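Several structures are given next for inspection.
There are two complexes below, and they share chain A, which is joined by chain B in the first and by chain C in the second.
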Partner chain A sequence: MKHFWALLFLLVPIFGVLTFVLAPYYNHSFPRDISENGRVIDQLFYFILYLTGVLFVATEGALFYFMWKYNGRTNREPVKYSHGSHTLEVVWTILPAVTLLFIAIYQMNAWADAKMRKPDIPVTAEITGRQFNWDVRYPGPDGILHTPDDIILVDGEIHFPAGEEILLSIKAADVLHSFFLPNIRMKQDVVPGMQQYMWFKCRESKAEVDIVCAELCGWGHYKMSGRATFEPRSEFNAWLAKKSAEQQAHRITQATP
Partner chain B sequence: MSTITADSHAHAHGEHAHVGSFLSTYVFSRDHKVIGIQFLFSTLVWFFIGGLLALGVRWQLAYPWSDMPILGKLLFSAQGGQIAPETYTMLFTMHASVMIFLVIIPILAGAFGNFLIPLMIGADDMAFPTLNMLSYWFMWPAFAAFGASFFIGTGPMSGWTSYPPLSLTIEAQKFWLVGLTCVGVSSMMGSVNYLTTIIQMRAPGMTMFRLPMTIWAMFITAVLQAFALPVLTAAGFMQLADLTLGTGFFIPEGWSANNTLHAAGGGQPLLWQHLFWFYSHPAVYIMILPAMGMVSDIIACFARKPLFGYKPMVYSIAGIAGLGFIVWGHHMFVSGMSPVLGMTFMVATMFIALPSAIKVFNWLGTIWGAKIQFTTPMLFALSFVAMFIIGGLSGIFMAATPVDIFIHDTYFIVAHFHYVLFAGTAMGVFGAIYFWFPKMFGRMMNEEWGKVHFFLTFVFLNCVFYPMHILGWVGFPRRLADPYHYETFRHLLALNQFITWCAILMVASQIIFAINFFYSIFFGPVAGRNPWHSNTLEWQAPSPPGHGNFDFQPVIYRGPYEYGSPEVDIDYYPQTMPPPQNRPAAVPAH
Partner chain C sequence: MNDRYSMRALALVTATAALVGCGKSDPPPFRLNMTNVVAKQIAPEHQQAIANILGAMFGTPDEPIALKETGLDQKKLDMAAGPVWSDKVGAKHGLYRRHCVHCHGISGDGRGPTAAVLNPYPRDYRMGVFKFKSTYTAAEPTNLDLTKTLHEGIPGTAMPSFALLPPDEVAALVEYVKYLSIRGQMERLLEDHASVELNAGDKFDPANDPAVQKLVMQDMLGPIMESWNGAKEQVINPEDASIPPDNRPAKELEASVKAGRELFYGTRANCVKCHGPTALGDGQQDDYDVWNKAINDFFKATDDKIGQIASLKTDLAKAQGDDATQIRQQIVDAQKEFNERHALLSSLLLPRNAIPRNLREGVFRGGRRPIDVFWRISSGIPGTPMPASGPAGEGAQGTLTQKEIWQIVDYVHSLPFEPASLPQKRPINASEVSTGE
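So, the complex of A and B:
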């Protein structure tokens, strides 16, 4: 096996590409996308995946070919006494530079949509991360947050209306957390002392997905999970009314000993 | 600059000729070679500890809440051998802290920087030998502080990034921060020394553009450390003050945790992230550039051909260092930092991929038309290139801000930096150990077992780290003690078990290296001065070099990469070999 090592290195691009090609067939790829804008992020991911995939195969392939062809045991030609090539250096500086600049510019619109163009609508709910739960506060019938009719839930079950734009006000009560909805392709760290917003839209009429905390928040970080339920407006309103009534009843029992 | 007066040389030699006691020769030595080897041994011990910590993390991810065999009973007897969530958090925190601060940074700059810089530039020692000794001994308070932090409460458990306010609720963090500061002081002393030595103490004829890539990389790394470290040291003291003195640099107004209200406020948790990454992003390059330099030297040597594009290689290292200072924000795209700033950092980050690409193309250019000798160091160096391509390309995904929204804090990131730091730097370091071992100890390591070690490590590391890209693709988050209670990630258990078994086998393969290493120190075949037929200066000194390094005054005639030169009959052309007397006026074309 004169070319054992070259062949070993050839396995890198082969297995590298195979892994990414086969993984989706075993459900090992993006989780189901239920959002309106998530596909933009998925497409950008695939765009970079294909581009880097080509570069990966080309460079690893060249490495394999040179290891094969210029193996000292088999190559009888004298070495090419070369210190480099000015032209080549210019070419392989400018081409990647243009490509990288293109990738950067190509991302900007999606980034602005996800993080900068905050929709001008009332806040759907306020989410507060605390060790180790996601608390939610809905504005209640008056539509204004931090009034007595607010509905506050601390069981990690959060409902949202499906099919409409949702604006969340998010914050942290104690340490850093990160509100991550894998199926919506949205993530935002929450920082104590900072008030931030997050917006998205579910395109399915009914869905229940995981809420993940994606920033280390202490020993119980792993269990800081929640469930987000997306449902049609009517069902959502009914659920909200039920929760409001439960909360009201709870208050009355507390007030009358 | 590069000439030293004969007088100062005589003085220096006189000082080194003095034979001291055992203590001053091998323990409190001021000889750069002894200090380098001290760094090497200390960091290899921590490398072993850091590897075991990683296995603890892997065990929990493969078999959550089940008793860990052997080690579990020993370490976690309180929980009956089970890894508690606190312990899990401590394990990954300390795995990263140990590997970064006690292994990679000191093994590159401390071990190889110390050993190689004076030898490769033709100096008899460092510019400041006592400072050099202190730079090693300042690692010991760091070892002690990091070591002690394991036993304070549940240990440091806010990640290696120590983000406040979480870090301000953890007692052990004080020790952790003291350890961090001591590592910083040690690195600072080292970097000042390296800069002075490289600028002032080069042998006659050793111009800056005749320096080997290893020295250029060490030089630029030292510049990075000298400018970035003060920021981390200041930030570390600020966090220490928040923890102990009741200040509030990183505490927002009216903040409370663990039912205690902190009086001082008016600070900002994000401030720490900016200060921390202002150092720690350049530190990412501190952790790769020296390996790139050493790999360049090894590849040119075993390609038996000049390094392709020497000057572009130097400029690209300088470019990485320069751009390295303006990309720290890419760690903070979803941190709450202004998204407008995120766009700026995205463009800068995209551009830092450029010098890395140039380096890869030049390495490929170097082995084009070569006569490759597949020695153990060469295999490790070539695998550095192959693996760095993966680590470099996966970086583009997280530089792209919208994609980063999804993959941030997932295993995609874990895959990326392990491809750069383990598959890249650690493999480069293994190559460097096999390569310079004969110079350090005067004996060769066993080539056959070296290749077995390479083969197993190469195969298993890819089985461990490559599938992590796939985990990240599903959104599998980092740092979760039990990710499987999420419906989204439940089906990833099997893949994680595969990764864990490969990780166990990879760590086990390192036993081959350890045996080879220690056996060869005493029983390896005697190496001679230049076993690899290399051009660079250190190979002209005796193996191992005595005090004062060279038994002659080196004079440099050419650059370090004149392999296969038509001027001489042999296929290498040491930097110190005088040119032939009757040299033809022009080199004949071939």
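So, the complex of A and C:
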């Protein structure tokens, strides 16, 4: 077939676009967003996707055009040397640079909201990532972390109050980890010895979502997961009280797992 | 560029890429406990006999057998064993290989591929010794103990929590761990028997010898199963009278912590011997737990062999006639054993000392509830140098009373919040610490 390679390369933009178009029908779209500000992240993503998508189709289309037109088996004209075009080089350096600069400035507010404008509220919980588990420490009845009445849980089931702003303190016990809540569109890398903060608000009153590790931390990284449960503040307080009592168990309780 | 050439190249690359991964690999086999086998110099035919007996009793990693005498649940073993796959309704199979094998190994020997980079090493189930349980020191853990370990993981180690697995999968894994442990204990007894009782050429075939059958099933498996099945009766249930009341006033708690501190630094409980006068775990640090001790003994004995061979060779130089022939044979035997040991060394994990817990960190591997810490102090931590301060069995007398143990529990819980445990600007001074400053 004369134009085999041109057509083969044409498959790239076709399948590339088809993947994104068909993804929602195969349930490969974004996880359900239950946060207040996740929408901003998604909007940024789609903006960049469409922008690069258009450019992708345009450049691949141009590639296909040139492969077809200058196909060695059908085109017997002698080669023309163009010696380059200075104007073209300048144009296709400046335009992408300006576009990137635009994207950088466009996203600054979203970044500041997520990473710089820490709310002035008490820490809801301290989350420590260790190989390969998420441990959580709640301040307990006295509201202060690192006091004897803290509630420390190590089984990856972490509860948060829904509908209010939550501030988390994230730490790593041994190697790099990253606390990632896909349904909140928030992740925070942690370096051992550094303490990081993460804040968000869940806009649904009840949800059970995944916690995953987003920084390769060893062989168990793929299964370092937990479950975050969002519930109304009253239920959250009741759950904390239950966990606090369990932590004080002096007796054998058959109810334990 | 020749189009046909590049077409064929493309076709070849695509075909190779498509076919990679086709074809099944052999199912993994159980391995004998080679450290034990080589250390006891068990003859190859006896090794084969032991492997056959274990195969007949327990099956293979893909097809386990829940022997009636063990009382294990065949369905649970089937869920946990075999290759990883999900069936039409989404139920997961091969749970052990999905979650556990890369650390704990296919035979439960704690020597999976990941083990070499972990500190502490994953548990070797084959001794039937488990550290964190609710029973008296010498007893086996209950199902609840093993389930708790899976549910909470072991903080401070690489053992993660499996609380997010459905309860039936956790139960299947607990059953499989017991299966591997029973199989390992059985293997150990068979190897002891082969090394002590059997001579070269002796047959060891329970299938065709009723006397050996009885020996294996009643005298070996019997006591193992008695221990496992009796674990429920061996649970340490603290007396209500000794348990401190809930929501104690602060003064009462303080008094209990003070009493616990005196016991901790005193001579009866003798906690400071290992945990150190600083409670940082810097007391005795040169002891071993049973798993590392076995490896360490193996290393040491291998080293000793070199000396043994050298001294035999000096003897040979002085010996005459029959003595010389005998010594030559001894050298040959010793050299053979040394070669076998040496070949095994590179596959072993380097032995590590049992470092006592730094109690000021507030990391409790076996659980942080008061009852968990009570169990650790009362029955000690089996397999490690942590001794039992409570009674060794029902009705026995321990070093400390239950009330005293609860006081030490209170003190241990308060340790991470002592001023000396908070970030310091200078090194901890032992005299400062023991007065509680």
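Everything that follows uses one rule, which is that the second predicted complex is superposed on the first by the 240 of 257 C-alpha atoms of A that agree within 3 Å, B and C clash if a C-alpha of one lies under 4 Å from a C-alpha of the other, contacts with A are read in each partner's own complex, and residues count from 1 in each chain.
Assume a residue touches a chain if its C-beta (ideal position, glycine included) is under 8 Å from a C-beta of that chain, and two chains touch if they have at least 3 such contacts.
Remember, it's a predicted structure, so these values are computed and weren't measured experimentally.
Judged by the touch definition given at the top, the superposed model places A:Trp219 against both chain B and chain C.
For chain A, the partner that touches more of its residues is B, with chain B and chain C as the two candidates. In the superposition on chain A, A:Ile41 contacts chain B only, with no contact to chain C. Once the two complexes are overlaid on the shared chain, A:Leu55 sits against chain B while remaining clear of chain C.
Once the two complexes are laid over each other on the shared chain, residue contacts for A:Leu100 go to chain B alone; chain C is not touched.
In the superposition on chain A, the residues of chain A contacting both chain B and chain C are 72, 131, 218-220, 223, 225. Only residues 4, 72-73, 130-133, 135, 146-148, 152, 154-157, 218-220, 223-227, 246-252, 254, 256-257 of chain A touch chain C when the two sit together in their complex. Looking at the complex, you find that chain C touches chain A at residues 1, 3, 7, 99, 102, 114, 117, 134, 144, 147-148, 151-153, 155, 158, 160-161, 163-164, 170, 235, 237-238, 243-244, 246, 368-371, 374, 406, 413-414, 417. Across the complex, chain A is touched by residues 84-86, 88-89, 154, 157-159, 163, 165-166, 169, 252-253, 255-257, 268-270, 303-312, 334-336, 339-340, 342-343, 346-347, 350-351, 353-354, 357-358, 360-362, 364-365, 367-374, 379, 382-383, 385-386, 389-390, 393-394, 396-397, 399-403, 405-410, 455, 458, 462, 466-467, 469-471, 473-475, 477, 479-483, 485-488, 491-492, 495, 561, 563-566, 571, 590 of chain B.
Every residue of chain A that touches chain B in the complex is listed here, in rising order: 5, 8-9, 12, 15-16, 19-20, 23, 27-31, 40-41, 44-45, 48-49, 51-52, 55-56, 59-60, 62-63, 66-67, 70-72, 75, 77-85, 88-89, 92-93, 96-97, 100-101, 103-104, 107-108, 110-112, 114-116, 131, 174-176, 178, 180, 182-183, 185-194, 196, 209-210, 212, 214-223, 225.
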